[in-house]
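As written, the chain order gives the labels A, B, C, D and E, with residue 1 at the start of each chain.
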Amino acid sequence: MFLVAFPFLHEWPFFRLFLGEYRTFNATMFAVWLLVLLGMNLLTGYSGQVSFGHAALVLASAYLTAVLSQQYGFPLWGAIGLSGAATAIVGWVTIGIPAVRLRGPYLAIATFGLMLAFPQILKLNVLTQWTQGALGIRGGVVEPPGFLGDVLDGREWMYYVAMSMAVVMTVLFLNLTRSRTGRAFVALRDSEVGAEQMGVDVPKYKALAFGVSSLYAGIGGGLFFAVQGFVSPDSLGLIDSIFFLVAIVIGGLGSVLGSIVGALFLTFQSEAISALAGFVPGANNLRNVFYGASLIAVIVLFPKGIAGFFQRPLWPKLRGWNLGRLWSSRS
Amino acid sequence: GEFPAPVEEAPVPGVTDDEVVLGTHTSLTGPVAVYSQIALAINAYFEYVNETKGGVNGRTIKFLIEDDGYSPPKTVDLVRKLVEEDRIFALVNGFGTPTHLQVVDYLQENGVPDLFVATGATEWVKDPEARPMVFGSIPNYVGEGIILGQHIAETYPGLKLGLMSQNDDFGADGMTGIRRGVGDALDIVGEETHEVLDVDLASQVDRLHAAGVDVIAIWATPQHFATAVKHARLNLNWDVPFVLSLVSANELTVLLAGPEVIEGTVSLGYLKSAFEIDDPDVAKHHKLVQDYMGGENGNTLTLYGQYIGELVEESLRRAGRDLTREGLIEAAESITDFWCSICLGPVNTSPTDHDPVQGGFLVRAEGGRWVRFGDLVTYEGVLPGDMMVEDLTR
Amino acid sequence: MDLFLQQLIGGIASGSMFAILALGIVLIYRSTGTLNFAQGQMAMFSMFVAWSAMSTGMGFWPAVLLTLLSALAMGALVEWLIVRRVEGTSDLNSLIVAMGLFLIFDGLALYIWGPLPKSFGPFSFFSGGASCVGGVCIGRLNLGILVVSIVTTVLLYLLFQCTRFGLALRATALNRLASRLVGIPVGRMLSTGWGLGTAVGAIAGILAAQSLGLDIRTMFFVVLFALAAAVLGGLDSPVGAVVGGLIIGVVKNLAGTYTPSSVGSIDLAVAFAVIVLVLMVRPNGIFGRPVRMRV
Amino acid sequence: MSLLTVEELSIQFGGILALDGVGFSVDEAEIVSIIGPNGAGKTTVFNCLTRVYDPMKGSIRFRGRDLLKMRPHQVVANGVARTFQNLELFSSMSVLDNLLVGQHSKIRYSALDAVFRLPRQMREEREARRRAEDTLELMELTEVRDMPVHALPYDAKKRVEIARALVSRPKLALLDEPAGGLTHEQVDSIARIVRGIRDELGVAVLLVEHRMGLVMDISDRVCVLDFGRKIADGTPTEVRRDPAVIQTYLGAPHVDA
Amino acid sequence: MLTLKDIHVSYGQAPALHGVSLEVPEGHIVTLLGANGSGKSTTIHAVAGLLPIQSGSIDFEGREIAGLSTEAIVRLGICATLEGRQLFGEMTVLENLRLGAYTQGEGKGFDEQLERVLTYFPALSERLELSSYLLSGGEQQMLAIGRALMARPRLLLMDEPSLGLAPLLAQEMFAGIMSLSKAEGISVLLAEQAADLAVGISGYGYVLEVGKVVLGDTARNLLDNEEVRSAYLGH
C-alpha cells in the first residue's frame, strides 16, 4: 500500500513537510541499489565469496542496455532483461568459474582488478563504435506507456517499474534462498568439505552464486541506465564497488533485511554525511573523518550488521513476529 | 497526482523577494578535493557581493555546496536534491566531467540553468541549440589545443612531436585541438595515453624518448604532469620542451614538480596570476580570500572561483529584477565584452556561443611562475566542432 | 632493445614503489590478519608529518626518524583504539574498519594540512641525476626506492622467519586464543604489528613524496597496485610483495609499450589479467603457502 | 558379493606413506570397524572412499561401481554417507537445515522450480522435511530442530553429524569417531543408534573409533591398521586377542573394555 | 597450590558456574568429572584467565589470579590445553612447539625440553616440519599437550586430554602425566568424560553437576562410589 502510494505522498499536506518530490527519485534509486545488493549479498553473505568487482558488472549491464536500446532499437525493458541475462552468463562463465579456486582476499583483489581494468576496456578504440568512448551514452526520460501517461509522469513511472522489479526479485530471492540451492550456498560457506561430502557440487554452486548474483547486478545495471538516463565509463568505479560491500556488511550479511538496510545506506549516505558535517560549522574538511568514524561506529555497535541486530531474539515477547526468522538465511 | 497541490507561493524556484538560491556539486573530499577551493571561493565572492553591494538586483545570493566526492551516482543524488528539494534557481560551476556528464541532461530536461561548468569539455559548448541550459567556463579543450598547437607549429617547425594525454574526453579533445593547431608543421611520432589511476607517467615518457621526440604536448593533471616532467629531467637527463594544458599550468604543478624542473614549460592563461600582487585586482582578490574564506592567500583556483562569481553576478544583473530561469539563460547568452576584474580578455556569449572565454595569452614557467608572453589569442564565437587554426585572431 | 630494457627498468622502478607499500600491507596482514586498505592514506599522513617536521627546520635524518617513530605510535594507537574493537568478529568487519580508517586519515590530512600540495625539497641522499648504461637509464631516486624495499624485505623476512618475536607476531594473526594460551601478550603483538606496518608505510610515503610529490592523493592509487602486488606475491610473504610489485610494474609497462595504438590503451587490463591468470595457477599467490584440505 | 570392496589402497603425503596396500570389504547390513593407533590412516581411508583424497593406487568398488571414477559430491548420491572426526557441520544453519543439506542429492528439483515455487519443489521439500523429522526423532534431536548448530552442546553436534549422514538413506554409513568426547551413557546411546541404523534401516556401517567398549560391542568384524598397513582382521574376539594388536594398540587389558 | 573459592561464571545472562570451590594440592593430580555441559570446561577457562569470573576467588600459591590476563597466568606457570586443541594450524609442528616455549625463551633449556616432549610423543618427531592441521586427530592432541609441556608449567590444566587418542596412547599419556607430576612436582587439573583412566591416576576428584560441585573426594573413594562409577566411569 505504502509502496504504491509513495510517489504521491509528497502531495499530501501532511507528508509535504518532510517528503519532497526528490524522495521519489531516492526511492527509485533505493530499488536499484536493492537489486544490486541482493545479488552482492547472495554472493558474499550466503555463499561466502567476496567480490570487489560488482560495480563493473552493474556498469557492464548498464552499457549493454544503453547500446541495445539506443543503437539497436530494442525496447528499453527488453534491453534490460537481455542485459540482465547476458550479465548473468558473463558473471557465471568468465568470473564465477575462474573464481572457484580463489578465496577471501585473493578473490577480492582479483575481482577488484576487473573493476580497475573495466573502464579502460570500455574506452578501447576498437569498441568506441558501440561505447562512444569516454563521453558515455545518453538515454533520456522514459515516458510511461499509453493511458498511464495521463496519471503518471516519467519519474513516477520509473519508480513503479524499479520498485516492482525490486519487489518481485526480492520474492524470487527469498524463494531461492529457502530452497535446495540456497541451502547449498550457505552450506558451502560454512564448510566447503562438509558441503561437498553431502553431495553439493561445490565448484558448480560457487560459480552459480556468481551467476545469480550477476543477474541481480545486471538487472540493477539496466535499471541504473534507465533511471539515470546516462552511463559513462566513470559512472561507477572501484569506490562504488567497495561501498556495495560496505553496505551489505553494515546492513547485515546473509539476509534480505541486510540488503534493504544496505540499500538505504547507499541511497542516503551523501545526504547524511552532508547533514553531519553541517552540525560542525566550517568543518567541510572533516567530512571524511565523520564518515569514517560513523562506519567504524556502526560496525563496532553492530558487528553482525544492523539486520543481525534485529534478528537476535531481542524482545522475547515479540516471538510471534520474529523479524529474524522472517528474513534470515535459515528458512 | 490525485490530490490537488496547494498553490505554489514562489512560482520561480529558488527566488524570493530578497534572495536567490544557487547550488553546486563539487569534491570537498576524495581524490580531487583540492578543487574544493573553487566552490569555496565562489561562495566567498557571493558573500562579498551580498555584504558590500547588498546582493544583485536587491537579492542576496545563497550558495549551496554539495560534496559528491567525485562519484557520479552521488552527483546525481545531490544535484536532484538541490533541484527538487532545496529548489535552487540554477546550478553553478558543477565540478568534474564524469560527474557533471551524469547530470547535464537531467538539468537540461528540467530547464534548470547549468551555468559555467568547471571543465573545458567541448560537450558543454559544442551544441547550444541541443543543450541551451549549459555553459562552459574555461576555454574549451579543443580551442585551447589549437592555440597551443599553433604555438608548437611556429616554434618547432619540422621537428618531431610527441603527444601525451589522459585517456578520456579531456585528453581526446585536447589532442584534437593540438593536431589541428600543429597541422603538418611537425611529424607526430608518438602518442601516449594514461589512465586517471596511473601512478606515474614514466613509461609513457620513456616511449616518447625512445621515439626520438623533440617536443611534447601533454594533457594531464598536475600530479601526472609532475611525474612526467620529473622523470624526463631527473631520470633521463632529457630537457625536451613540454607544452601543457592550462588545467595544470598553476601553482599545484609548481609545488609538485619543483620550480626548476618545469622551467620553460609553455601553456595558456586567461586569468591574471596570483603572484601579480602589484595588480590592484589581484591584491583585492587576496584580500577577499582572506576576509571571506579565512586565512590564506588566493591561488589559481580561488582566482578562477572569483571569475565564476563575477560571471554569475553579471548574468544575474542582466537577468533583471524579474528573475526567471529563461531570463537567466537569455542574460547569460547575451554577455558582450564583459571584462571581469581578473580576466585577461573579454567575455562574450551568444545564443550560439556558450563558451564565455575563448582564448588567452601564452604563458611560460619561469622561476616557478607562469609568465605571459605574446599577444592575446582568441577564437571568439566559433564552435569547437568546426574550429580551425584560421579562426584564431590576435 | 633499448626501449625494451628501459621499459623493464622503468617497470621495476615503479614496481618497487608498489612493492614497498605492499610490504606494509603484508606486515599488517601477517601479524594481525587485517587487509589494510588504509595503508596508503596512513602513509600519506606520515609523509605530511615528515614535511611538517622538516618545515620546522629539522634535518632530513632526524625528521625521518621522528616520522618513523610517530608512525609506529600512530599504528599502534589505531590498533589499540579502533581496530581492536572488531577484532575476531569477522574479516569483513575489519575491512570496513580499514575503509573507515582510510576516510579518517584522508579527512584528517585535509583538515590539518589543507588541500594544496606541499613541496618537498629533494633529499641530498636520493637526488642527483640518472645513471645510464648505453641508452638505458635509471634515476638515483628509483634506485634508492628499490634498494630500500629490498632491504626492508630482507629485514622483514628475518623478523618473521628467524626471531621468536616474529613467530609470535604470526601466531597472533593465526589464532588469538592459542596465542594467549602459550603466554603471548596478544594485545601488544597486535599493536606492534600495526605499528611496524605503519612505519614501513611511512618509509614508502617519504620515498613516494620524492618521486610522486607531496599531496593528499599521492598514495590514493598507489595503494590499489600495492594491494594487488601483495596478493599476487602471496599475502603472507614479504618476498612475494616485492616480486608481485615488480611483476605488476613490468607487465604494465610492457603491455603499454607493445599494444598497437589502434586498439587503445590496455595496459591496466593486461596487468590485471596477468594477476588473475597467476592466481588461477597459484590461488594463494606466488609465494603463498598452498592451503590443502584436511578433514 | 560384498557391498564395498577395497583393494590395495595406497596413498602418500610427502614422505609419509599414510596407506600402504590396504584392503577390506563390507557386506550388506554389516558393521565393520577400523581401529588402529593415531595416525594409522583410518580417516585417510574414509577420505579416499569419499574422494577427498586421490589414492596413488588401489581400487574401491561399491555395489559394482568404481568409486574412484566419481567426483566427491557424487559419492553420497551413490549411497555412501559419512561423518567427520572434527565435525564439519554447517554451523550457522539450523539442525533441520543441516539435515536438508544432507539430502541435497536426494532432492532433485531445479533452481527454477525453487524460484517460482512450482509444485514439484513444494512436494519434494515436504518429503525432505518429513524424512528429516523422522531422522531427528530417531536421533533424539527433535527438540533442537530449529536451533543453530553452533549453539548446541557437543554431544548433540555429534548426533547431528550422524543424522545428517543418515538422512540421505545411504547404503553405507562411514562414521569417524562418533563417540569421541562423549560420556559413557552417551556412548551407550550411540551404540543403540548404530545398531538401530543397521537393523531398522538396513544400512551397513564402517566405523572408526577408539572407544573399545563400543567397537567390541557392536562390530561384526574389525580391521586393524598400523602405519598404513592392515595388521589384523577378524571378529572382535579374535582381534582383541591378537598379540600384535595388543602390543601396538590396545595395551594392557583395557578397563574400558 | 590452586584453590577455587565459590566462583561464579556466566556467559552473557546465562550462568554456567554457580559456586564452584575446589583445591589442587601441590604435586597432585585432580580430576573433574561431570556430564556434558556440567561446567568442566568453563572451570578450566576461568582458571586460565580466559573468562572473567563474577565473584569468588582463585588463589594460586597464595596469590589471587582472578582478573589476571592469560599471559600473566601462563608466566606464573599455569598452562592449559583446551577442547578443540587450539593449534596454530598453518604453522609446522616445530613452530607450534617453539611457541609453546614462548615464555621460556629459546635458550639452552629449549632443546632439552623439546627432546623430552618428543620422547613422550615420538610420532611428532617425524612430523616436525608438517603443517599441524595435516596431522591426524590424535597427533594433533599430542601436539596440543606437548606444546603446553614446552612451557614447563607447574600447574597443567587439561580439558579432555584423551579425546581422540588410541587406547594404548591414552594409557601411556596418563602414565606419562603421572610420572611427570611425580618427577617434577607438576600439579594437574584434568577434566574428563571418559574418566576411568584419569581417576585411576588422580589423587582427588570432584563431580560437577550443572555448574556446582556436588561431590569431592579422594580418587579411591570415588572409584568405590557406586553412583559415580555408573554415571561417569562406565561400570
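The rule is short, and it goes like this: a residue touches a chain if its C-beta (ideal position, glycine included) is under 8 Å from a C-beta of that chain, and two chains touch if they have at least 3 such contacts.
Predicted, not measured: the structure shown is a model, and the values here were computed from it.
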{"item": "Intersection of the contact lists for chain C and chain E", "value": "D"}
{"item": "Between C-D and D-E, the pair joined by more C-beta contacts", "value": "D-E"}
{"item": "Centre distance in Å when chain B and chain C are each reduced to the mean of their C-alpha atoms", "value": "35"}
{"item": "Centroid spacing, where centroids are CA-atom means, of chain B and chain E in whole angstrom", "value": "73"}
{"item": "Inter-chain centre distance, chain A versus chain C - centres from mean C-alpha coordinates, in Å", "value": "31"}
{"item": "Chain A: positions in contact with at least two other chains", "value": "116, 120, 123, 193, 197, 285, 287-288, 291"}
{"item": "Set of chain C residues in contact with two or more other chains", "value": "106-107, 110, 114-115, 224, 261, 264-265, 268, 291, 293, 295"}
{"item": "Overlap residues in chain B, where contacts from two or more other chains coincide", "value": "29, 36, 167, 195, 197"}
{"item": "Chain-to-chain touches, reported pairwise for every pair that qualifies", "value": "A-B, A-C, A-D, B-C, C-D, C-E, D-E"}
{"item": "Chain A contact footprint on chain B (complex, rising order)", "value": "1-3, 5-6, 28-29, 36, 40, 65-69, 71-74, 76-78, 80-81, 83-85, 98, 101-102, 105-106, 109, 123, 167-169, 172, 195, 197, 294"}
{"item": "Residues of chain E that touch chain C when the two form their complex", "value": "48-50, 69-71, 74-75, 79-82, 86-91, 95, 98-100, 102-103, 105-106, 131, 133-134, 147-148, 151"}
{"item": "Contact set on chain D toward chain E in their complex", "value": "13-14, 16, 35-40, 43, 85-86, 153-155, 177, 180-187, 210-213, 248-252, 254-256"}
{"item": "Residues of chain D defined as touching chain A within the complex", "value": "50, 52, 71-77, 81-82, 84, 88-94, 97, 100-102, 104-107, 109, 111, 113-117, 121, 125, 148, 164, 168"}
{"item": "Residue ranges of chain A touching chain D (in the complex, touch as defined)", "value": "172, 175-176, 178-184, 186-187, 189-191, 193-202, 208, 254, 329-331"}
